[in-house]
Amino acid sequence: MIEFILMIITIVSAILALIQKDLLKAAILTGFSGGALAVLFQILLAPDVALTQAIVGAAIVPVFIALAVKKTQRRDA
Amino acid sequence: MSQILKLIALPISIILICLGIMTILGGHITPGGGFQGGAMIAAGVILSILVYGLGNSPIEFSHTYIEVFESIGALGYIVLGLVGLFAGGFFLYNVGADIFNIIPASIQTVFHYPDTTNAGIIPYLNIFVGLKVFVGLSAIVIAFAGFKKLVEEDAEQ
Amino acid sequence: MSNAIRNLFAAVITALLSITLFDAVFHVSKMITPGVSNIYNALGTKIAPNMVTAVIFDFRGYDTLGESIILLTAGLVVLLVFGRGRLGGKL
Amino acid sequence: MAETQLAILFTSIALVVIGLYAAIFVDNIIKKIIGISFIEEGANLFIVGIGYKAGGIVPILMPNMDPAWFASNASYPLPYGLVLTSIVIGASTLAVMLALVMVLYRKYGTLSTSVMLADTSKQEEYNE
Amino acid sequence: MNELIPLMVIVPMMAALLLSAFSKYDKLIRILAFVVAICLPIIPIVSNYGLHFFGGYEPMVDNVTNILYHPAITYSFDFMQQCFIAMIGLLTFLVVFIYLSKYKKVSGPYLFLLFMGTSAATALILTDDIFHMFVFFEILALAQVGIVAASSIEYSYEMALKYMILGAIGSPMMLLGIGFLLAMTGTVNVTDIVAILRGGLLNVTSPVFLLSLGLIFFGWLYASGLPPFHTIKSGIYSKAEPHAAALLQSFTVISMISIVIIMFRIYSSLPIFEVFIVLFSVIAMILGVSMALTQTDFRRMIGFLAVGELGFIGLGIGLGTQFALTAGLFQALNEIVITALLFIGFGAIVHSTNEVDTRKLGGLLAYHPKVGIMLLIGGLAMAGVPPLNGFQSKLMLVQASLSCGYPELSILTIMVSIATFVVFVKTFYSMFLRPKPHDLEVADKEVPKAMVFTMLILLIVIFALGLFPNVVTSGISNYVGGLLL
């Protein structure tokens, strides 16, 4: 059951990230999507991939995007 | 950033770095390995940079040595592969485990990891990849954080 | 005007592609084969307890080298884009 | 469960489609790049979904486990290895794209793709 | 097994890493780059043919399903690979030589990218593994972006970002295609996949198999710059330094043929595969030449002509017989040499005049007669004038399409060749022969000796391949015969 909830979280946060007007919030929602994906990988019997995705997808990629947003502009005009 | 954040950020990043080292060293037994551990260490460094700012972060390393470190990681990997090529005839042959029995025993004992799991050269490769991933990701974030906005430059002039 | 036509064209292509992908995924879920799994799982236990580590550092160690080279190249290109080691004096 | 695998594969394709939509139709370049990262995540999830074995175990040999039993019950490790490589590739390309965007923002002052990446020949004529 | 095969990839890779680590010591990296660049064409020539199994894992039988699998990455090295690797090694040597002699202070990261690109292209053509091909394809794409971004030409960043975004859409698509193949066959080794297909263990009429072809095909179109990616590819060439553009087009040709050969081995049982390839090749030929006709920037013009020439290679491979495949691969080898010569020659013109617009140039023959004549020979070779090498391969292509029963394609091939000739002569006239415009200032600069030397070597290769094509074609024909079995 938990895996279906996680799939829904992944997709919904991906869609929310794309319709957000504030790019910083979009970056954080990308991290949400990546984190939910990491738990999904754990359920799919792949703990190594889950660990990588948890760090890269939920921490490092959002930091990249957030730094880029901080150095450019925050509003999606 | 608030004072509380500054107080707890340093312990958290030190814990992350220690966890990362643990993940790298146990990569052949437990989930994890070079990438994951290296990325964890990099996450610790990134956290400290984000909270304290680029200039006065307690955990920092000199900009000039970044590419030397990165190259050492990849070069070490290649050199371990070349040992396999010249000793056994195959690039990246696992000279420590030697499951096909094609290299002399003296070379095998040099590269055998002192562990009951018979992992051969895998732990050494993990260490090199971990070093490389850690330095690579931190270098990208340091470059991003050091990039000057147009507005900031105007203010400086 | 031409922009609208182009957008419409792209929308039709994307919709077709997505329907095809969903259909293909439905078919492929019945024809998944385990492949070399037996070799990896039988031979890998002689090398290291973690099969994924055995795959990425022993059977396919060369891919891992390529992957770490990608990270190195990406870092270098980022520094290059920010102005270190360029050929001319632009920016 | 077999249904889990099918649901996972559908989720991965849904992520790919969302990403494709963003990469083609959204004008803001950072959102475009976020969409591209979703395409990569979808492809990764698809490949992990292939490796999943319903009712299997994690491919890590525990102590006191019979290797023959393990070989026939562990899930398929090759796709997991491929995905590990692919995740890092995705992060690297993302970093390079964001760096280029940051430099170009300094030149144009906007994140709109239609301004930043307009046809280069037209830009040159405009400058003349 | 032969130990020199992995060294073809490892030596430039190691050189690149050392160059980036010691980029502060100018003298040291000059010497290192020069020495390694000399070694690059020599290693494939002295190496023996054979297979190399990484990690020592030779093919083994799975005792549950009784299928022979290659568990590790495999490299296969044969005459065809030898030709292309030696050629790209020679080209890298010449380009590094031009770069070292042109700039007083050398840049470590730039040399890193040049060597890494060579290493990745070599790995692409050697590999027998789809996922390994994908990894090195990504390295190649990143190296190309870096080379373009490093040049000091205007709008190079925009072009790099465009290329990067298209690549970031194209390569996950290719990964998905690889994923579908992996799901159906359980392996990523091409030889295994072909064996499984021939053994009838996979239903080739399944729509999923066709979809995996489509996804990998999309990645191939992006890699080779066929339509709809032709403008971006020619833009990439025009925004790089001319000597780097000479190397970039060779990377494109190498990635095109290596991916298409893998696709050919897997999918040639599908009749629609050959139709696809011929269709896109014909579109590329027509679009490339017709867009080259309207360009005023001569770097862009050469870029579009190069895309048009790629169509000839695709045509040869799409026809699918042994003779046609040989013609296509021979055309690929010729194109690497000819286009490199043209890029370097026009780079010499840019160096001496700082002008890229053909409308503002003229009367350069009086200033640079040597460069002009060598460029003319290169252009004639591209258009297919005997006895140069372009003539031999295009003649083979025309014969191949006639013998396959498509006289329309042979007529089209000849017409595109004539159009190429027209485009080239028009540009050559307006740059070299027409009276000099008054406002053009030709600075009293000599063309660098290194460039003249490079063009001379490439001309020797062109004449050698044109006069003795059998040296190469008989070997390639044997290789192709093994492929078609």
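Chains here go by letter, A, B, C, D and E, matching the order in which they are written, and residues are numbered from 1 within each.
Quick note on the criterion: a residue touches a chain if its C-beta (ideal position, glycine included) is under 8 Å from a C-beta of that chain, and two chains touch if they have at least 3 such contacts.
What you see is a predicted model, and the numbers here were worked out from it, not measured in a lab.
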*Each chain counted as touching subunit C and subunit D at once*: A, B, E
_Please tell me whether B-E or D-E has the greater number of C-beta pairs in contact._
D-E
*asked:* Taking each chain's centre as the mean of its C-alpha atoms, which one lies nearest the mean of all protein C-alpha atoms here?
replied: C
*Calculate how many whole Å lie between the centre of subunit C and the centre of subunit E, each centre taken as the average of the chain's C-alpha atoms.*
22
_Centroid of subunit A to centroid of subunit D, CA atoms only: how many Å?_
11
*At what distance in angstrom does the C-alpha mean of subunit C lie from that of subunit A?*
18
*Junction residues of subunit C - those touching two or more other chains*: 21, 28, 32, 34-38, 40, 43, 49-50, 52-54, 56, 58-64, 66-67, 69-79, 81-82
*In subunit E, residues with contacts to at least two other chains*: 13, 17, 20, 23, 54-55, 131, 135, 138, 142, 145, 149, 157, 176, 182-183, 186-187
*Which parts of subunit D, given as residue numbers and ranges, touch two or more other chains?*
16, 20, 33, 46, 50, 53, 58-60, 75-76, 78, 80, 82, 84-85, 88-89, 91-96, 98-103, 105
_Full enumeration of touching chain pairs_ = A-B, A-C, A-D, B-C, B-D, B-E, C-D, C-E, D-E
*Which positions of subunit C touch subunit A when the two form their complex?*
50, 52-53
*Touching residues on subunit D, where the partner in the complex is subunit B*: 58, 60, 84, 88, 91, 95, 98-99, 102, 105-106, 109
*In the complex, subunit C residues that touch subunit D*: 7, 10-11, 14, 17-18, 21-22, 25-26, 28-29, 32, 34-38, 40-42, 44-45, 49-52, 54-56, 59-60, 63-64, 66-67, 70-71, 73-75, 77-78, 81-82, 91
*What residues of subunit D sit close enough to touch subunit C in their complex?*
2, 5-6, 9-10, 12-13, 16-17, 20-21, 24-25, 46, 50, 53, 59-62, 67-68, 70-72, 74-78, 80-82, 84-85, 88-89, 92-93, 95-96, 99-100, 103
*What does subunit B use to touch subunit E in their complex?*
67-68, 70-72, 74-75, 78, 81-82, 84-86, 88-94, 100, 102
